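Look for chain A in each of the two complexes below; its partner is chain B in the first and chain C in the second.
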Partner chain A sequence: MATIDGSAIKKLIVACDAGMGSSVMLAATLKKQLAKSGVTVEHSPVAHIPADADVVVTQASLAERARGVVPDVPVVPFQLFLGDPSVTKVVKAIQNGETVEV
Partner chain B sequence: MGDEQKELTSLLAERSIRLDARASDRDDAIRQAGQALLDVGAIDPGYIDAMLERENSVSTFVGEGVAIPHGTLAGKDLVTEDALSVIRFPDGVDWGGNEVTVAVGIAARGNGHIALLSQLATVLLDPERAAALRNATTADQVYGLLTTDDDDDDDQ
Partner chain C sequence: MSAYTPAPTGTGARAQVQRAGAFLAGMVMPNLGAFIAFGLITALFIPTGWINTFAGTVKSPLLITTQIGTMVGPLIVILIPILIAFTGGKNVYGHRGGVVGTVAFIGAMVSPLALQLKGLSLNGEPPIAPKSLGDLGPNILAAFILGPLGALLIKLWDGVIEGKVRGGFEMLVDNFSAGIIGGGLGVFGLYVIGPVTFWIAQGLGSLVNSLVNLNILPLVSIIVEPAKVLFLNNALNHGVFTPLGAEQVAGGAGKSILFMIETNPGPGLGILTAMLLFGPRAIRPTVPAAMVVHFLGGIHEIYFPYVLMKPILVIAAIVGGASGVLWESIFGLGLVGPASPGSIIAWALVSPPDNIVLNLLGIFIAAGVTFVIGMLLLGFGRKETATDAALDLEAAQEKSKQNKAKSKNQPAPSV
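And then the complex of A and B:
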């Protein structure tokens, strides 16, 4: 579990193994949802997550690797590419500037 | 629209769209998606193994009957140009417990494919258009769905 302060998030990273397919698609979706919130959404291979990320969204099976790369950044694992409840929670927290546990 | 259409066909060649395929299982479906990329010279044959390897570690099923098989980070060196393939399996393929009707094979070393994948995400979030993709029988229908229809997309 990690605590995320939605109002403090400026950069959200979607990570997958290659940064080629899955993360690209989810990043595209989140970018649209967060366009009005002024958050930078980028996709990245899990091994190359930038250190200035404020939150990382990644497939559940890659979460441990992501935590190893950026130990100080909250990592939100997801199961579903479309409409995962954890991802929806983060998006809402950012949109409303709320603090949530993920 | 003309330029965009041209860009789309250079990334997703008409012969990389195969809408009446049959696959015995998931790995067979991935090999076919990879073969279509190989046939247009976008990848080295070893990339198909990287696609299978990636699938075994993390599924590329994305929902709405669609999977997006692609290689691993290490397999990126085996990509010679950005390209996609669209293989439709009207009978469906069991994809680790999910049924897949459309496999979108991805080979990417740059960012040329991002706009198209963004549009695919938009299509899949709209149940009607997702169904239209699963039921597509002509390449034109596929191109129509994957042509960017909103102006807030960027290339990142």
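And then the complex of A and C:
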């Protein structure tokens, strides 16, 4: 459990195993949703998450590895690649500058 | 955290296997473009390829196809292993690591030629030692080892001499240390790693051959399908099947069934169809977009969560996957290059002309079997358990939120 402050997020990383397939797809979706907020949305392999990320979004099965790579960055695990409530929550938090538990 | 998202349980072993697999897949996946180029050129221009098939010139191939076909061997035997060795080295120690790792690999690459190694006889033909570079097979296993190893050695060396080189001599020391370590490891590769990996690859190749001949290759689905949904799909496919398949293709078979085992989009389609019709009601609306992304876009990850949600469905995936592999091994089917991503479109593009219909049928057989078993396991949607009810309740509570989320979150099904 971690708390993230939507207004403080400048860089959101979507991570998947290879950083080539599912993360690219979700990153493209989030980029569109967050276009107005000025947040940088990038995708990366879970083993190479950049250290300057403010929040990491990844599938629950990969969350443990993500936490190992960037222990100080909040990792938001999700289940479904399309329409997962956890991801929606992060997007909302960023759009409205809210603080949420993830 | 939502009901969809349970806290990740302590499966340290899984994360470790994922990491080890990702290390191998990380050497292959950045180079998939080269594999695809190899696959397309092979499918189009070899004597039994699309162009000669359409022109009716399989027996006496058109001149232009034999000319362009000259690229096939070097692409798979030279370029792809070198790219893998370079990427392996680069992942460990940047460009400098890549250079040393690649030099180290060349020794192992030419080892069968230099040492006149004869392979195992597969189908009764006496094995012959290679006479030129063109007769070599791709030694991807050696690239996996020597790329990172060369990089690791130069990294250690650089660490040892850091700050000890006299001013003005840095470039001299840097260049010659890289050259000496790379070259030395290349010689070691030629005499040791090359022969060892050659025999391992020969052994694995003949093992796969026997599994196919005995029609027991479908048993690998028992491992492959559960491993996939644990996100070990890339590790397994690009760490194991892609390299072995490439060796089979170059070894004279011209195609390989190994490219089909993990990449068949059939089982995933079957799972998603079963979920769409008989899954927990709350998640049914998310399925259609997932089907498009999975089946046409080839991003299999998208169906894994549905299996993790209803783990019993893995049985459907195993039986469906095995049915596909059985079909493929009965008819001796194969793909000429890796289908990556595992989309039906990619399958069609790397299918040899005489296999394409049966190949695509293999996808639908796997999908059909998976769907039927998945439907039975889901009790035709009538077995709404307590968890499903909870899911539905949660969904109801978050209804307005979800509705908005859905309209925003679903990407256009363009892939």
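As a working rule, the second predicted complex is superposed on the first by the 102 of 102 C-alpha atoms of A that agree within 3 Å, B and C clash if a C-alpha of one lies under 4 Å from a C-alpha of the other, contacts with A are read in each partner's own complex, and residues count from 1 in each chain.
Going forward, contacts are C-beta pairs under 8 Å (C-beta built on N, C-alpha and C of every residue); 3 or more make two chains touch, one makes a residue touch a chain.
Everything quoted here is computed from the prediction, not taken from an experiment.
After superposition onto chain A, partners chain B and chain C are found to clash with each other. More residues of chain A lie in touch with C than with the remaining chain of the pair chain B and chain C. Contacts of A:Q33 after superposition: chain C is touched, whereas chain B is not reached. Of the two partner chains, both chain B and chain C are touched by A:G21.
Using the contact criterion defined above for the overlaid structures, shared-chain residue A:E42 touches chain B, although it does not reach chain C.
Within the three-chain superposition, the chain C stretch that clashes with chain B turns out to be 295-303, the only such case among 61-69, 295-303 or 385-393.
Shared interface residues of chain A (contacting chain B in one complex, chain C in the other): 16-18, 20-22, 25, 28-29, 45, 47, 59, 61-62, 80-83. Those residues of chain B whose C-beta lies close enough to touch chain A in the complex are 54, 57-58, 60-64, 68-73, 75-76, 106, 108, 113-114, 117-118, 120-122, 124-125, 152-153, 156.
Contact residues of chain A toward chain C in the complex are 1, 16-18, 20-22, 25, 28-29, 33, 45-47, 59-65, 68, 77-89, 91, 101-102. If you check the complex, the residues on chain C that touch chain A are 1-2, 4-8, 11-12, 14-15, 18-19, 22, 25-26, 29, 230-231, 233-235, 283, 285-286, 289-290, 293, 297-299, 301-302, 304-305, 308-309, 341, 398, 401-402, 405-406, 408-411.
Within the complex, the chain A residues that touch chain B are 16-22, 24-29, 31-32, 35, 42, 45, 47, 59, 61-62, 80-83.
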